[in-house]
Amino acid sequence: MLETIIGLAADNLLSPIILFFALGLLASFLKSDLTVPEAAAKALSIYLLFAIGYKGGVSVSDHGIDQTLLLTLAAGVVLSFALPLIAFALLKVMTRLNQTDAAAVAGHYGSISIVTFVAATSVLQSQGMASEGYMVAVAAAMEAPAILSALWLASRGGNRSSGSGEDSDGLLREILLNGSIVLLVGSFLIGLITGKEGLAEIESFIVSPFKGVLCLFLLDMGLVAGRGLRSSSKVLTPGLIGFGVLMPVIGSLFGLAAALTIGLSIGGAVLLMTLSASASYIAVPAAMRVALPEANPSIYLTMSLGVTFPFNLTIGIPLYLSLATALGG
Amino acid sequence: MLETIIGLAADNLLSPIILFFALGLLASFLKSDLTVPEAAAKALSIYLLFAIGYKGGVSVSDHGIDQTLLLTLAAGVVLSFALPLIAFALLKVMTRLNQTDAAAVAGHYGSISIVTFVAATSVLQSQGMASEGYMVAVAAAMEAPAILSALWLASRGGNRSSGSGEDSDGLLREILLNGSIVLLVGSFLIGLITGKEGLAEIESFIVSPFKGVLCLFLLDMGLVAGRGLRSSSKVLTPGLIGFGVLMPVIGSLFGLAAALTIGLSIGGAVLLMTLSASASYIAVPAAMRVALPEANPSIYLTMSLGVTFPFNLTIGIPLYLSLATALGG
Amino acid sequence: MLETIIGLAADNLLSPIILFFALGLLASFLKSDLTVPEAAAKALSIYLLFAIGYKGGVSVSDHGIDQTLLLTLAAGVVLSFALPLIAFALLKVMTRLNQTDAAAVAGHYGSISIVTFVAATSVLQSQGMASEGYMVAVAAAMEAPAILSALWLASRGGNRSSGSGEDSDGLLREILLNGSIVLLVGSFLIGLITGKEGLAEIESFIVSPFKGVLCLFLLDMGLVAGRGLRSSSKVLTPGLIGFGVLMPVIGSLFGLAAALTIGLSIGGAVLLMTLSASASYIAVPAAMRVALPEANPSIYLTMSLGVTFPFNLTIGIPLYLSLATALGG
Amino acid sequence: MDTNTAKRVEIIIEAPMEERLTSALEGAGVTGFTVLPVLGGSGRSGRWSREGQISRAGGMVAVICIIREERLDELLEAAFKVVKRHIGVVSVSDCEVLRAERF
Amino acid sequence: MDTNTAKRVEIIIEAPMEERLTSALEGAGVTGFTVLPVLGGSGRSGRWSREGQISRAGGMVAVICIIREERLDELLEAAFKVVKRHIGVVSVSDCEVLRAERF
Amino acid sequence: MDTNTAKRVEIIIEAPMEERLTSALEGAGVTGFTVLPVLGGSGRSGRWSREGQISRAGGMVAVICIIREERLDELLEAAFKVVKRHIGVVSVSDCEVLRAERF
């Protein structure tokens, strides 16, 4: 099996998307002035959410709603709530982060990174493996619960959370209705409603150019991750780096267990593992700034974008694929 | 016929573009933070103007210049000049707007919304109906005259318009050379010159991805319209809402009369009706801010983008199509 | 041969990309408010660099590394170093620019304009002529050396360059690692590594829509060039205009000589001529602002973007193609 | 020209807090403000830049608020409540305004 | 360092009026100004945001102009003529400038 | 509210010099600054606009720096060294800040 992992990882490492991520990293380490304008980066992310949401919806409309859909959604929500608790315990053992920082970091690992998900989808595709279309909806469902776990963990440590009832209502609304969830779920539902026919109309916008757009997006992520690593490398203790590599693997095992219990396809299992393994870098950081302003953003952003994201992209996904094939096949 | 309208409208309501508009509306009603960056929204609108202008020009170069071209252009200009007068009279009856606000709103209904035009084109396409390629040029010709009517209406009410001769010259230039007219007409002419051969070179940029881009654009329009409705709903009296629904139908009938007189194809008639029915939300609002600053922008923007645009998109276009088929077929 | 040039030029003049450039020029002369947002323009240029770099790399991976590759790279570097010296001498004869301004302008003509290169590629394509894929790498290699020549020329004139040792190191790094070089070279290398297989994955993003994106980009360049010409036309003396037309032709002859010596294909020769003939408007101006702030930016920007770029686009490229065919065929 | 004295308050604050800040200002009776984009900056929490960012988490905005002197304290208190636990800089300077009836 | 006193004028005005304002400033002998983008704001005519907008109608810009005290009145009069019938805020504050010869 | 006096320095400078300026500021012990985008402007070297630009050469940024009065001279000297040969405007005004311990 190790051979398969290495073979897959090697293949993966030489795919354009990984190489463009590496280019971005390199450019920022070299202090090149290469940058993607904020508006362009946001437009790319809108495109990706729109495309994967829609395609997921079409796929569900095509294959019919699987009996496992609800089960998997529920599993996703449970994982998102639970993984931060595990992450928090691990952080307490492996690092010397204070309660608040540990809670904030833990929250990121319960939630998900949609680009990691997309990268896993494209590895599956290149291996010719099918997966459940509704996994996109599971991804959306896993974005938010982890934030609540993080806030609970922080409050246990005596951190009075963001104050009054009014305010925490506002926060909950903000978390559940953040732009990426709304766009992902909305596009999923529209894909579900309009189905194959709708897809035919917009296919040449959301299917064929997808990989190329993803390359540009990963270039930008490499630039941003590299800039973060450069300016925050001092926060990265060995313990934190170890956590950033260990936690995704642990997460993926929980994801695998859930997938096997539910009876997902191997492709679906890989995706659920990837979601469990990935760490948020859009929705959770924004929520943390509002609700846990005392937590140090350099720590959680650097961990999520600078350590765990590249790990999943290069080694993680091939590993999860091999594990799922070995145990689920 | 009612059945056809309802059938068409139902089909239409479930098309991706309408659903994405609805998603945008919903997201802003729910106060989601989903937004499209200004630069991205402008880029999308540049793409749309470029693509439809160019395709219109190619279509004219392909079919030759129809004898009816000049007639239709002239009809468009006359409609754009005349419809504000009707709109103004109607506003005076149906609402309690003051002279200036009524003039400003009226101006919007003489001018056109290019996205409504595009939506009508795509309904025609899905019905397999042809239309005159030069209708794009007619759209461009109808953008500006209505503004002059609006200024005249306002000045009758004693509103000293934007001052000295120099200034009103500047205004006229600004109106006639506003970015969307220049891009639309320019792309049309370039399409006309380069023809099918030119189109072949850039087809996979402006034809195949078009519908998908339109979905994103409508998502943004939904977001902007929703935000406008949320913050300006108090200006929307029942009279104004009634006007926003009645005026497009009246406009479309004038458009139909012109189309029948000229002898346009049914598809062409639907487009001229749609142009007459639609209300501007780019060129005219900008001109009004300069020339009629006393007019309240929330009123005209909310009417145009929040009431008439969705009406045309959902019910209007199927209605105009049925009318044109019934009367022109 | 004159006939061929005129024929080619006429064809070329009516291609969509030239016409969109002309539309941009016209719109800005007419003071239309048509503009492309800065972020969108930057995104377009990222797309172009990404696409041409990658395609160049794939082409090299496909045809194998030509023995002439290193020779051509070396020739490019020498040309980039040498052409500013010729340009400087010519400027001293033809114009009354001071030492600093002349050095700054000269630097632009040793470096390259990637869009001119792309335009030449697309003319070659439409003529069915092949060229060496690594010319993209040559383009990248020619960006920076000219800047050093310009600084040397300026310092000879007693202009203390940008100060201390630390600073000039910083400058060198900035020049060599500027965003466009990094993206171009990086994409080239990734194309080289991932080859045809990689291209297949992202082809429908970087190949088919390319020409259309180029049209939009040239529209923007027309707008920017026109704005520059309008506001800086007073700096354009007849001598400068003469230089802006003569220097590219001289440059192209040096490029041709090098190409013939090395034994490039005719297509390759045309591209090396075009690179030699073209003047920078991204990397060099930014470097000049840092290192030669006393030089007047209106002069070099207007020359590069307002005179030489349109000359190359319309007359230059067909001329170089005819020359290369006549002498190299 | 006829001008009146007023205060110009400039609040540089994290983008995810913008909504809360402007609501608090409105709560304190502020009738107008303007939001400017911020490209990047540096402070005790390090250097940051907006380029390439897709999350609002890392960005900031500058809120400018011109106000009559007598309302300043109320504004500052409202602003302080929001800013207190957050990254953010609040500065006040004197200014003169045209059309004072607007403030 | 050697500084000189000057006035800093900040004019927040509707985007479609920018061209007219800057022409008027130039007409009044102003030799320099800087235009900043504005993301959004709120005032008597309600709240607005630039996000997703494609029309210039809804946007605003901030024009900053540093000027010698003795030229202030002329500037304000020119600005006022343009702003008067429009939405817009004009504020003036004291400042010190380096390189006063530039103003 | 409790405020302390400070100085607000605003430096409008060419985009390619931003990095050098902020490094110089940090070298002079400045602990915080904020960079705002600039859309366009006009000065002795003519009018310019950011729209459609892809080169950083033509653009400018505004760097705002709030600082204790006693550190002003050091800051201005550092800034002046960078700006001296370049296009750029440096202005200083008085302000009051909340949370003075941050500066």
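The letters A, B, C, D, E and F name the chains in turn, as written, and every chain counts its residues from 1.
We adopt the following convention: contacts are C-beta pairs under 8 Å (C-beta built on N, C-alpha and C of every residue); 3 or more make two chains touch, one makes a residue touch a chain.
In this text, all values refer to a predicted model and were calculated from it rather than measured experimentally.
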| item | value |
| --- | --- |
| Chain B and chain A - chains in contact with each | C |
| Of B-C and B-E, pair with higher C-beta contact tally | B-C |
| Chain located farthest away, centre of chain E as origin (C-alpha) | A |
| Distance between chain centroids, defined by C-alpha means - chain A, chain F (Å) | 38 |
| Centroid spacing, where centroids are CA-atom means, of chain C and chain F in whole angstrom | 34 |
| Where chain E and chain F are represented by their mean Cα positions, the distance between them in whole Å | 18 |
| Overlap residues in chain C, where contacts from two or more other chains coincide | 33, 35-40, 42-43, 204, 209 |
| Residues of chain F engaged with two or more neighbouring chains | 36-37, 56, 93-94 |
| Pairs of chains satisfying the touch condition | A-B, A-C, A-D, B-C, B-E, C-F, D-E, D-F, E-F |
| Residues of chain C touching chain B in the complex | 14-16, 19-20, 23, 26-27, 30-40, 43, 204, 208-213, 215-216, 219 |
| Interface residues, chain C side, partner chain A - complex | 37-40, 42-43, 46-47, 50, 54, 173-174, 177-180, 182-183, 186-187, 190, 193-194, 198, 201-202, 204-206, 209 |
| List of chain F residues in touch with chain D within their complex | 1, 3, 6, 8, 22, 26, 31-37, 61, 64, 66, 93-99, 102 |
| Residues of chain D touching chain F in the complex | 10, 12, 36-44, 60, 62, 73, 76-77, 79-80, 83, 89-94 |
| Partner chain F, residues of chain C touching it in the complex | 35-38, 41-42, 44-45, 167, 170, 220-221, 223-224, 227, 231-232, 281-283, 285-290, 293-294, 296-298, 301 |
